[in-house]
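You will see two complexes here that share chain A, one where it goes with chain B and one where it goes with chain C.
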Partner chain A sequence: MSTTATPAAEAGAPLTGGVARHRTALIGGAALVALLLGTVLLGGGGWPAHFAVDLSGPMGDTSDWITDNRDSHPLFLYFFGHISNVVVLSVRAVYLVLLAIGWAGVTAAAGLVAGCLAGLRPALTAVSAFALCGLLGMWVPTMQTLALMVVAVAASVLLGAVLGLAAGLSGRVHRALRPVLDTMQVLPAFAYLLPVVLVFGIGVPAAVLATVVYAAPPMARLTALGLRGADAGVMEAAASLGATGRQRLLTARLPLARKELLLGVNQSIMMALSMAVIASVIGAGGLGDRVYQALASVDVGAALAAGVPVVLLAVVLDRVTGAAGERIGAAPARGTGLGWAVAAAGTVAVALVGRCTDRLSWPDAWTVDIAGPVNSAVDWMTAHLYSGIPVVGGTADWAARFTTWVLDPLRDGLQWLPWWAVLLLVGVVAQLIGSWRTALTAVLAMAAIGVLGVWDPALDTLSQVLAAVAVTLLAGVAIGVVAARSPRLERVLRPVLDVFQTMPQFVYLIPVVALFGVGRAPATAAAVVYALPAVVRITAQGMRAVDPVAMESSRSLGATGWQQLRQVQLPLARPALLLAVNQGVVLVLAVVIIGGLVGGGALGYEVVFGLAQGDLATGLVAGAAIVCLGLMLDRVTQPVGRESRDA
Partner chain B sequence: MRRRAIAAAAAFALPVLTGCGAADMTKQSSPYADAHGARTVTLSVQSWVGAQANAAVAQYLLKHELGYRVDTVQIDEVPAWDALSQGRVDAILEDWGHPEQEQRYVADKKTIAPGGELGVTGHIGWFVPKYFADAEPDVTDWKNLDKYAGLLRTAESGGKGQLLDGSPSYVTNDKALVRNLDLDYQVVFSGSEAAQITQIKQFAKEKKPFLTYWYKPQWLFEQVPMTEVKLPAYKEGCDADPEKVACAYPHTPLRKFLNARFADGGGRAAEFLKKFHWTTEAQNEVALMIADRKLSPEEAAERWVRKNESTWRAWLPD
Partner chain C sequence: MNTEPPAPSGPSVPSGPPVFSVRELWKVFGPKADRVPADPDLAALGPAALRERTGCTAAVRDVSFDVRKGEVFVVMGLSGSGKSTLVRCLTRLIEPTSGSIAIDGEDVLSMDASRLRQLRRHRAAMVFQHFGLLPHRSVLDNVAYGLEIQGIARAERRERAAEFVTKVGLEGMEHRRPAQLSGGQQQRVGLARALAVDPEVLLFDEPFSALDPLIRRDMQEEVVRLHGEEGRTMVFITHDLGEALKLGDRIALMRGGRIVQLGTPEQIVGAPADDYVRDFVRDVPREQVMTVRSAMRPAGPAETDSGPALAPDATVHEAIEAVVRSGGTARVVEDGRCLGVVGHADLLGVVAGLAPRTEAA
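Moving on to the complex of A and B:
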């Protein structure tokens, strides 16, 4: 890596060691010195060409070599080939089972399993959700996606559990694994697609593996967290009773960690589902492919019809695993054996009835077309809002103004800054919010982008992220504050937030173009819509968690509502707000990248281009740069407290 | 230590699960294929609607006349070649010319077989809306484009005129063209065809002038009539060096390609797909039903098939 990378960290790190009180002043002073030195010694301009490495040659060769040797080289025949084979066979097996049970059987099984695990209400939700998928005419795609999900989630949970177990039992593995898992968690899903396509080609195996890589980290993290957090007293007691290491693990540590384990499963499922649609770009088939195909003919209604089942699957799985987690935490289950037997028998019975009456596939007559009405609604909206509204102007005018007055100056400003000044800026901000460690990682990640030779597009992407994050935070914190004060508003908001958080991002790309035109403005708008729910939620939670005593005492001192908010609530909720910033940044980046599909340009476009043209060199370099950008943004916004939180 | 043991165990377990010996992943089909004992054909559908129209009609006939199950997968053009060579899809029905892939897969590796012509001729070009060309007739010559650059400025194009480009998967020389013809324009990539169409429709609704990369046959012409801008004439080989291109795009007869194993062993389905051959008008008719009247592809295909029996009877294998 480049040796010129870190003027800020080199200057700042040793100084701040013991003198915590004057930290800010010291950082500022060091930055000023570095700024002067840089101006004198390094001059201006973008990333210097001689520090950049051109990877397109070797990467192109690798890609060619793989295509030429995929059907002959032992590595592929005896290793990747078998992986791919196992994936295909298992997805196929699950799919055939689902088809064999028929729609009635699957719906009944979903209801009964949910009932056993979580109770009556989740069971009803599950049954109606599956029925709705059928009603929307999406039964077969839903089953394809479900088959893929079952395999991907099983593999992620298994892989995550093994890694988590290793990290939970050995401190060394934990230290080695944690930064890797932390990093994987912040990467946009889009960046995962290219490497797997390179090896496995387009199709279901690549889609499953990309999903596994995306969904396994939360399971690993939470498993490790659960195991490491085991009550020391209980462990001591188990040891003094003479339990062996294995017995202690099986009878004490794992049961104690079951809540975290279940939360891990829940997180894995959610991540996998959000990947299901994005993976359609590399041939996952199923619901994602329907969304993707509908977008090609600018058919928002049809895209929604395929997107709703994804949301429904997410809601059902989330509620069931969530409720199951609470149950496990509450009391040891009794008589579950009987419940399971009833569930199995019920499923078999319904499936047999379905088979005998020859009603395995969802009846065509029982479908409802929502595409028509939705499309007319979208058409009406875009026709009336696009332009020519008196006084405020149409959405197209806003988009143009946002581009000219916010995005352009921001991008040009960033690109005008000398390269070392950008690094310095990154380092100082990271240092102020976090520690010298986060600052160092952030600066190195930023420097890596320069070395990869995509400095300018990366800054373009960065400018879009910054603009979108600013808007998201302004709106999100405001809504969150209001929601924290009014329970009624919160109740109304909750389902809306749920839907926006789980709806595949692809679905709202087209309405966004219809409203804001092609370019960077719609990309940022989509990013804001996607990131807003998380920010609102975290803010509201943080505000509500503020100590009521502090609130009460400030009120008794005669503070007005506004004063209370500004001087008590916001400062006390600072950790939550920082977390909201961190989450907002990560989510915004994910969508700004997908914005390459609607004219966002920059790194997102290069990834899309790489996928579309099979030009993996371009795509992989851009993907790597996105990884670095994600890492940098996460570290810059990472408060100190979070590092030690799950240690 | 333990992890290594697990990894080793997994490495041994994999071949046991999938049968010993080599596993060639280029010969694995889709897990969704052939369910229920039905014979399945998997078609690659590219993102544009013309390709959807081909696939819809082929799918309808394969299903209802020949008794196949048909899966469609949407893949971009170049990756589709790769998927076709691996047998993940059986056929591409509309290819716009990919000489490099043709050399690799058809000539060298022989994993893909040509499937004849589709009967439709494709053409790429620069287009302006008809209302704009009617008002300013000289805009249809590239030499006069600079005069209108100011009129075509947008927030995304900076100080220059905007040339709207489409999906990254499409063949385009536009950046080189703008540079080599020394035009005062900025190429703005919309990133997907859907985004481009949406933008064109919005412009047309407002009767705003615009300049866009577009192609024929395309159903959008029925909704937004457009006139082509004359670029320096195309001559054989003038687009050989992508950096030095300064001429128009060629007229390309669109072709079909089949997976080589499918072409030999695909029975009546393969024979049908080889014979599939229709006209630009027919394709447009179906495409317009899908994209504009928002019929489902299956419904659109059914309507067309009912009206045109004499055409498709000829495609069925004897």
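Moving on to the complex of A and C:
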């Protein structure tokens, strides 16, 4: 542990180095004393039963009460009921409009809008992506997902913008909101599902609201960031010309923040898509539901046929909004009125042609069934690659070995550790990386898991997270370091990372199920694949950002490449590396939880089980434990002085 | 015989009622700032002692001056001397702690929000060190921004803005973005924006400090030209002594929030008020700033009729040339009357920084 603190301190100011060493020794000493005391006074074993509170009773009562009163209690009749109706009606309306325009109209509209916002290439991407969705026989689910997305994104952008505006203009609101938004952004998507289901029941309203709540924080954060970051000189100039508060906001502060606003919209859309797919578990329908059903029956072909449109949708939405952001940020918006008119006219024309020729739904003759061939390919793989290949073994063998040699010992080890030793470990690590504040939150969050009575499954989840994080960091930092040194590799990697980072979490489950079957190892593998791009990217950026003067001076002293890496780059890139660890942990947790759908077990499975069996009490307890685990992992890996972090 | 000291105002400045009249102005940053100017004990403390006792910093301390109509009033000082705070107090971009400010006799500190906006919209416009341009707008719309805030219709304000774009020499660049311009061009946009609202006073806050030396010189000449054409009152903040001497009709030299000396460039250079100012102006080429008025001595009986004639506000630099050519003394003549003479010794005395004889006399 002590090694994490010292290298940077030595490279930095010698004064703080002394303090850091001192501090490390202090923490170590305190931990040792606590260890001895604990052994003598508390003994071993898991979380003691008399410290746990069984919440399933009261939670079950609450859930029963809500189910009974959903149609009669005024709170539901006059508040939640209206929300639910508005959501259903809006999604339905958008869906009907999409159907009325027809496939040709939607594809044309997508192309024209993309063309207006972002240029020719995104337009072509959009057209071919929609055509491909139809070709795969997924037109109707794609439209269902799109309809849900339109409503959810509109609502979350609006909600985020309002919150962001308040936080951007008032320091007090900002201080109150920031920790909430920070925390919301590190929680796994699964944690949001149960509370909305409790109130709204399974169905489209719950799915939309979960999506809105999940997607609003980035918009709010970035809006506030943009508004607060407005160039003080420009704001002063506006004031010096006698602008009123309203004029300052509308003509200066908001336009100055347009880059952040557009980035916020982009991030909200990507988060919404990710959640809209996951929310299939609570009745979102559409593409996510197809993936979910297919995964439940381990039908990889069908899962892939629905998964590809999800990826296409993600890529198109990201490219179009991203390119639009850069365009509007850089150049004057000229002639847009004409462009929009052309787009609208074109869409109407194509839609009318489609109506007149009675070709509104995607023609059946134009679909390609990939499920069959994919499944035969998977069958072939199962027969030939799963196991028994000489020397290297098969994929199933790898998964089994990983489970036996890594996951099992880790889980059993964690569960064998006395409960107070786990808390102590959490506290010490958090204290070493961050401050006593983060350590306190982390320890409390971990203790809350014990109190909730899900200590063992939580440690099971934790063991998967730790294994996946270890693999992710080893691979990610290595690739990142190499990519930072080799521009060629970086060029090759960048488009791959771009695509990987836009894909919704859910999609990662499909290939790992094809390769490794179901179980804890595939869930871990999906988590590694999902978190890897972010870790690679942050590491590479951090390494490249190292002061070139420091690099040059070490080279001028005759340092070898290895010496430069160890003595200059890694210590100076420490903040970036810590951020990579933090992001890696948060992303891994999100997917390990979703891994409950493919046999990952533990907390994720309890949520799925609770939803599937209508046993909301079990699900809610597991959901709360996920929140605590997420909070704990984030705080443990949170470096001191993290000011702003872009998701 | 004429031994009267140089006139307090620069020779070319018309006297009249002051545009800005500032009295006993204080700006204190920190908790419960009001008590510092009110309490003579606290007000007398130095910066370090004040911070220790109250946690406050006094940026402007008990400053009084008048800005006369049509003059270029320069406030000069090093960074941290309070000069930028002072100029922001004039239009209450920074709210002063105590004291009084009047514009054309009207009390600025008692203005309500809408009256203050009127002041900022029509009477005093400011040019900033870092330009403060809106990056998402074209040059033309940036220049028109002040007019837009006043609520002038789009066509009219663009027409008026185009005129000022031309005036500052940016014609043909109306549709560029600020980011596509050089620093000097961006500051021309800032200048045009301030001019476009036709203010009574132009306030400059270190407008050329961020520019390259050559461009800075161009812009200084631009300001001299504009002042010559329009005679607009200007308050000019700078940390550059050369710039202050070049542009200023009068200069207020600030240190630690106080004005240590207020006078014409010649008074500042020729008669520094204290060692700080003396040290400050030590390297100034004195012959460029000092006039023969301060270098001359009373004419001896034989000297009133011979030698070349010089105007009283001719610089010593010019006089040296005349004296060297004639080999004797030169006469200082105003309205056909001989005020005095300058010889080798008088001029060399100025260059060497010796006290002028007139003061000694």
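The definition used in the following text is that the second predicted complex is superposed on the first by the 550 of 647 C-alpha atoms of A that agree within 3 Å, B and C clash if a C-alpha of one lies under 4 Å from a C-alpha of the other, contacts with A are read in each partner's own complex, and residues count from 1 in each chain.
Just so it is clear, contacts are C-beta pairs under 8 Å (C-beta built on N, C-alpha and C of every residue); 3 or more make two chains touch, one makes a residue touch a chain.
Please read all numbers here as calculations on a predicted model, not as lab measurements.
Q: Contacts for A:E236 in the overlay, against chain B (first) and chain C (second): which applies, first, second, both or neither?
A: Second partner only, chain C.
Q: Touching A:L256, do we find chain B (first), chain C (second), both, or neither?
A: Touch partner of A:L256: chain C, not chain B.
Q: Between chain B and chain C, whom does A:Q247 touch in the aligned arrangement: first, second, both, or neither?
A: second
Q: Counting residues of chain A in contact, which comes out ahead: chain B or chain C?
A: Touching more of chain A: B.
Q: Could you pull out which residues of chain A sit against chain B in one structure and against chain C in the other?
A: Overlap of chain B and chain C footprints on chain A: empty.
Q: Under the touch definition given earlier, write down the residues of chain A that touch chain B in their complex.
A: 67, 70-71, 74, 76-89, 91-92, 95-96, 99, 144, 147, 162, 166, 173, 197, 200-205, 280, 282-283, 285, 289, 292-293, 295-299, 301-302, 371-372, 375, 382-383, 386-387, 396, 399-401, 403-404, 408, 509-510, 513-514, 517-522, 595-601, 604-605, 608-609, 611-615
Q: Using the touch definition up top, name the residues of chain A that touch chain C in the complex.
A: Those residues of chain A that touch chain C are 231, 233-234, 236-244, 247, 251-252, 255-256, 258, 332.
Q: What part of chain B is in contact with chain A in the complex they form?
A: Residue positions touching the partner: 2-3, 6, 11, 14-15, 17-18, 22-32, 35-36, 45, 47-49, 52, 71-83, 86, 88, 104, 154-156, 164, 167-169, 188-199, 202, 205-206, 290-291, 294, 296.
Q: Sort out for me which residues of chain C touch chain A in the complex.
A: 91, 93, 116-122, 125-126, 128-138, 145-146, 148-150, 175, 177, 190, 193, 197, 203
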